[in-house]
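There are two complexes below, and they share chain A, which is joined by chain B in the first and by chain C in the second.
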Partner chain A sequence: MNEYKLTFWQMKKEKITKAIIITILIVITLPIILTYTWLVLASFSTDMKYGIIPVKLTLHNWRFLWKSIEGYPPIWQVFFNTLILALSVMGLEVFATILGGYALSRFKFRMRETLLKIVLVIHAFPSISLLVAIYYILKITGLIDTLTGVILLKASLEIPWGIWIMKGFYDQIPWEVEFAGLVDGYSRVQVWRKVILPLVKPGIAVAGIFSFLSGWSEFVFINTFILSQNTWTLSTYVKAIIGDFRFVDYGLLTSISLFYIIPTIIFFIFANKYLLRVNITGTKG
Partner chain B sequence: MVSIRVENLKKYFRKVKAVDDISFEVKNGEFMALLGPSGCGKTTTLLTLAGIYKPTSGKIFFGDYLVNDVQPRDRNIGMVFQSYALYPHMSVYDNISFPLKAKGSKKREFHDRVVNIVEKLGIGHLLDRKPSEISGGQQQRVALARALIKEPQIFLLDEPLSNLDARLRVMMRAEIKKLQNDLRITTVYVTHDQVEALTMADRIAVFSNGKIMQIGDPEEIYNRPQNIFVAQFIGNPPMNFVEAEIKEVEGITFAVSKNLKIRIDDTLKPYLKNLNSPNVIVGIRPEDIKIYKNKELNRDLTEGILYVIEPLGRDEIYNVKVGESLLKVITEEKLKIGVGERVYCEFDAKKVHIFDRESEISIRR
Partner chain C sequence: MKKRSPLFFFLLPSVVSVSIFFALPVILTGVLSFTGMDYSFKWNFVGIQNYIDMIGDFMISTVVKNTFVYVFFTLLLFNLGTALLLALFTTTVSDRAGGFFRTIWMLPRLTPSVVYGLMWIWAFDPTDYGLVNIARKLLFGLPPQNWLQSDPMLIIVVANGFVGASFGMILFTSAIKSIPRDYLYAARVDGGSWFFTVRKVILPMIKWQILFVTAYQTLSLLTSFEYIYIITDGGPAFATEVWALYTYHSAFQDFRFGYGAALSMVLVGIGIVSALFYLKFFRFKEMIKEPRIEVDS
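Let's turn to the complex of A and B:
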């Protein structure tokens, strides 16, 4: 370790800079932290004094967990709908991207470059501009008002991006490792399964997590294409409570919002170690 | 064990001729080195032998079998890669036993074999580690073990030592040679390091631009290079080259340039008829030049100025300026000569190499 002789002013300057940076960070994150704190407090309180101070502890707002709210479908049905949607989107995406990413990374074929560009461009379109066209397609295929329709739709819009991510991870694996597998007595498919796939695990995790979350939080398509209450998901449920024509039950709204966030938080806790290993190009050794 | 025969092998990548019509044979149990600068097609040749690349045209035989369309996994080869290409997610034990599992054998069947080979290579204490947790030299041994565990009939190595530090490289050189010698397994070894090729191989094929420039045993490659490329590629410090003209003066044949006159030994004379013109390039190795401080009588000496001295510990390289050209002379003798002083060089007439200036081919073809 080198020891530097810092003058008094240099040390002061360093401390001041640090203090400024920390202040800025606090100011930026404060709204986010306050919002969530308010959400938690409000959900367990009967009323908020001046809108911010909790008055009396209660579980009344969480009653939707054990009894259904009048005029709304039972919460667990909605929860499972959401879960099915998220998991199916994840499953489809992982399946498609581990294959597609490998092909785009490893095989040389005509139009490969063009295909990669098109995939990016397609992903860049705001999906809301496709609503009308999609409506017709779903109508013709008879998938309107079904979860399957939304699952297929969501997955197909998420897959291109996932393929790019997976391609980045495959690109990181040297050809020599694949060659070694071939020479060691395996077919190309076996090498892919036994050698390559375990090495892109972080990529699979990333694609899986993001597609799960995007399925979990999907709102536009559900709101547009799902009409009947028994195929609602949590996002439509929250929206319905906000848009209730009678009166808005803010307590209920806060607790349901929190309920909606919980799986996301759990997912992130588990996925953290994979997400941190991702950089722009893929995974670090 | 089996022999390898390559006939008119070509491998093009689009329009790039990576391997351009080469033929060679590796005998049963022989250690063959493919030597050449980077990008000369030697690794492509090796990967084609492994079956990873399909030849554009030409034939590859293992023994009597044409293997052009045989998959890598069915060729019964063991291969070591430059980067070792160990499987990062598997332990050393799993890496080494991976080729055996391909044949569906169970742990109790192959366990003894794994233990056997790791003991031999001195990596027995590393079996539970991951490749990232062991040193480069140890990774190298794991790669060797993985390649040899299934007792392949052909052993292919792609610059296996180039990622090791200098000391380890010298050690592993001897070890790989010993291993090959014990197993007597047909081996093809790709390298750009002439020392590796010369010290390890039974025979060497020198590559340049996708073509084989010369095939021969190390002695032949070193002492009788067929062309200028081989002559300048092999040997360190490299061979000295001088443009000259063949002339006969009073019954003695000389190669003469502006500042030099090199006598040509009688043993070389019969080959001179291979020349189309008297214009030649004369090559002489640094160790075939003697250097004197004083002009001695009765010797054919060439005068020069000492340009710089490079001490190598045991030897010294003297750079001598003769006219415009710089000659490198290597000798064990320590001459007490200062830079800038006058020196006298004597060329060993028997060891002179003569190349046609046009075709760059040796007269002793």
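Let's turn to the complex of A and C:
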């Protein structure tokens, strides 16, 4: 790198450019920083100066944790529904994709190219346009208004994404590892289970974490296919609260929202090294 | 005799689930669009009546206009514009600072949609409690404005844009990082300004990524309605009712499943055409290299 020589003035000019760029970055990022700061501060205070500076701290907004809000199901029931949804989506998706990803990474078969194309296409395909048909399928199978229905649906629609991620992790393992196993007399399935699977643990973690969060955040499917309050998850709960309390009780709204996004925050703080690498292929917005 | 391949075992769960919840609904949507199905779930075939109704629907012109405005501006200002700006800026500053800003921009994508929606509802709060009105008051001394009434589309574009920008940002960043350093140094040594380097060196080298993001994000924006549903629900007076949301309202608010399916078919059609387009143009072969060595099966 040092073989390139910049003059004093060039370096000075570059410093100024960098300072300007940092300033612009801060300005355009400010809305994100401010809205998240507000979310945290508003949940712990009674009144806010200029909308964002807390005047008096309180835990009053968090009363929903021990006293349910009138007309709403108890928060812990809603919490457990959400947890069941997220864990089940994670379990199903990891199960299907550690198998499917391996098949597409390691087996040579006639349909391979077609299947990979299908995986990619589905991945980009707007599943939201299928809601009407899915409603009908859930209706005739008796899965409408059940968490099971949403779990199966959510996991299925995320599987192509997961397969793609897992395939990437399998692709990185050298073939020699597999050969060693086969020479030792293992069958193909045994090699996969005993030798290869332990090597793709990071991949399983990535697929697991992202599918958990995606199940945890799910809104549209719950909102569309779940009708009774007892099967609500936190997303529909928060949406209903927003409908009733918007512009009125931001303290309550923010504390419930903050409670809802705790897993997201934990993940964001501890695992954000995966974030920029893996989430490229997310299909939101 | 040849042993049965374990391939079957590996593929079964994925194939079954994707068939039931993806392949079947695609076909079913097509079939349903020729029925007048309502909440009684009866199959009464009406031929192409739904499609005729669609042409005569007085809402369609509003919906098409809204969809166009929403997709065009979100894409241009955020999913491409801001994304490109963020990628260029964060790769110019130090790796640590750049990484910090990129991580912050991932937050909206990760946040559950209802909570994210709430933050924008607050930001555009009609009283001087909301972020935008506070900023207006402190900077210009202006009175609070009811943004949800006066500029609902602006809110929708901004809210979706802050999520959408990170997609292009990541793709562009990795493309910029893979440009050989020598090219960039050469431009620097020659005394080229930052703009010169960007225009003459970086942009020409990431034009494929720009094209890809444009194609991919146009499709996702066309079919997205989640944040709109949460923030304005298409209002006020249908000012933010876009195609995907109109489909949703037709089916699940008015219970016109047949008509909703017909409206969905338009999106399905666009989805299929785009999919073919991706497969043709984006060096697909490279992504699906054959396994190097194959043992059995």
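By our rule, the second predicted complex is superposed on the first by the 249 of 285 C-alpha atoms of A that agree within 3 Å, B and C clash if a C-alpha of one lies under 4 Å from a C-alpha of the other, contacts with A are read in each partner's own complex, and residues count from 1 in each chain.
As a convention for this text, contacts are C-beta pairs under 8 Å (C-beta built on N, C-alpha and C of every residue); 3 or more make two chains touch, one makes a residue touch a chain.
Computed from a predicted structure; not experimentally measured.
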Overlay on chain A: chain C relative to chain B, clash or fit: fit
When both partners are placed on the shared chain, which of chain B and chain C touches more of chain A: C
Contacts of A:182 with chain B and chain C, given as first, second, both or neither: both
Touched partner set for A:199, first chain B, second chain C, both or neither: first
Three-chain overlay, closest Cα atoms of chain B and chain C, distance in Å: 5
Intersection of the chain A residues that touch chain B with those that touch chain C: 179, 182, 187, 285
Residue ranges of chain B in contact with chain A within the complex: 47, 50-52, 71-73, 75, 77-79, 81-83, 85-89, 98-99, 102-103, 132, 146-147, 150, 156
In the complex with chain B, residue positions of chain A that touch it: 174, 176-177, 179-187, 190, 195, 198-199, 285
For the chain C and chain A complex, residues of the former touching the latter: 5-7, 9-14, 17-18, 20-22, 24-26, 28-29, 32, 37, 41, 74, 79, 82, 85-86, 89-90, 92-93, 97, 99, 101-115, 117-123, 125-131, 134, 138, 160, 162-164, 167, 170-171, 173-174, 181, 185, 188-189, 191, 193-194, 216, 219-227, 229-230, 244, 247-248, 251-252, 257, 260-261, 264, 267-268, 270-271, 274-275, 278-279, 284, 287-288, 290-297
Touch list for chain A against partner chain C, complex: 1, 4-6, 10, 13-14, 17-18, 21-22, 24-25, 28-29, 31-36, 38-39, 42, 48, 50-52, 92, 95-97, 99-100, 102-103, 105-109, 112-113, 115-118, 120-122, 124-137, 139, 152-153, 155-157, 159-160, 163, 175, 178-179, 182, 187-189, 192, 213, 216-217, 219-220, 224, 234-235, 238-239, 242, 246-247, 250, 253-254, 257, 260-261, 264, 267-268, 272, 275-276, 279-280, 282-285
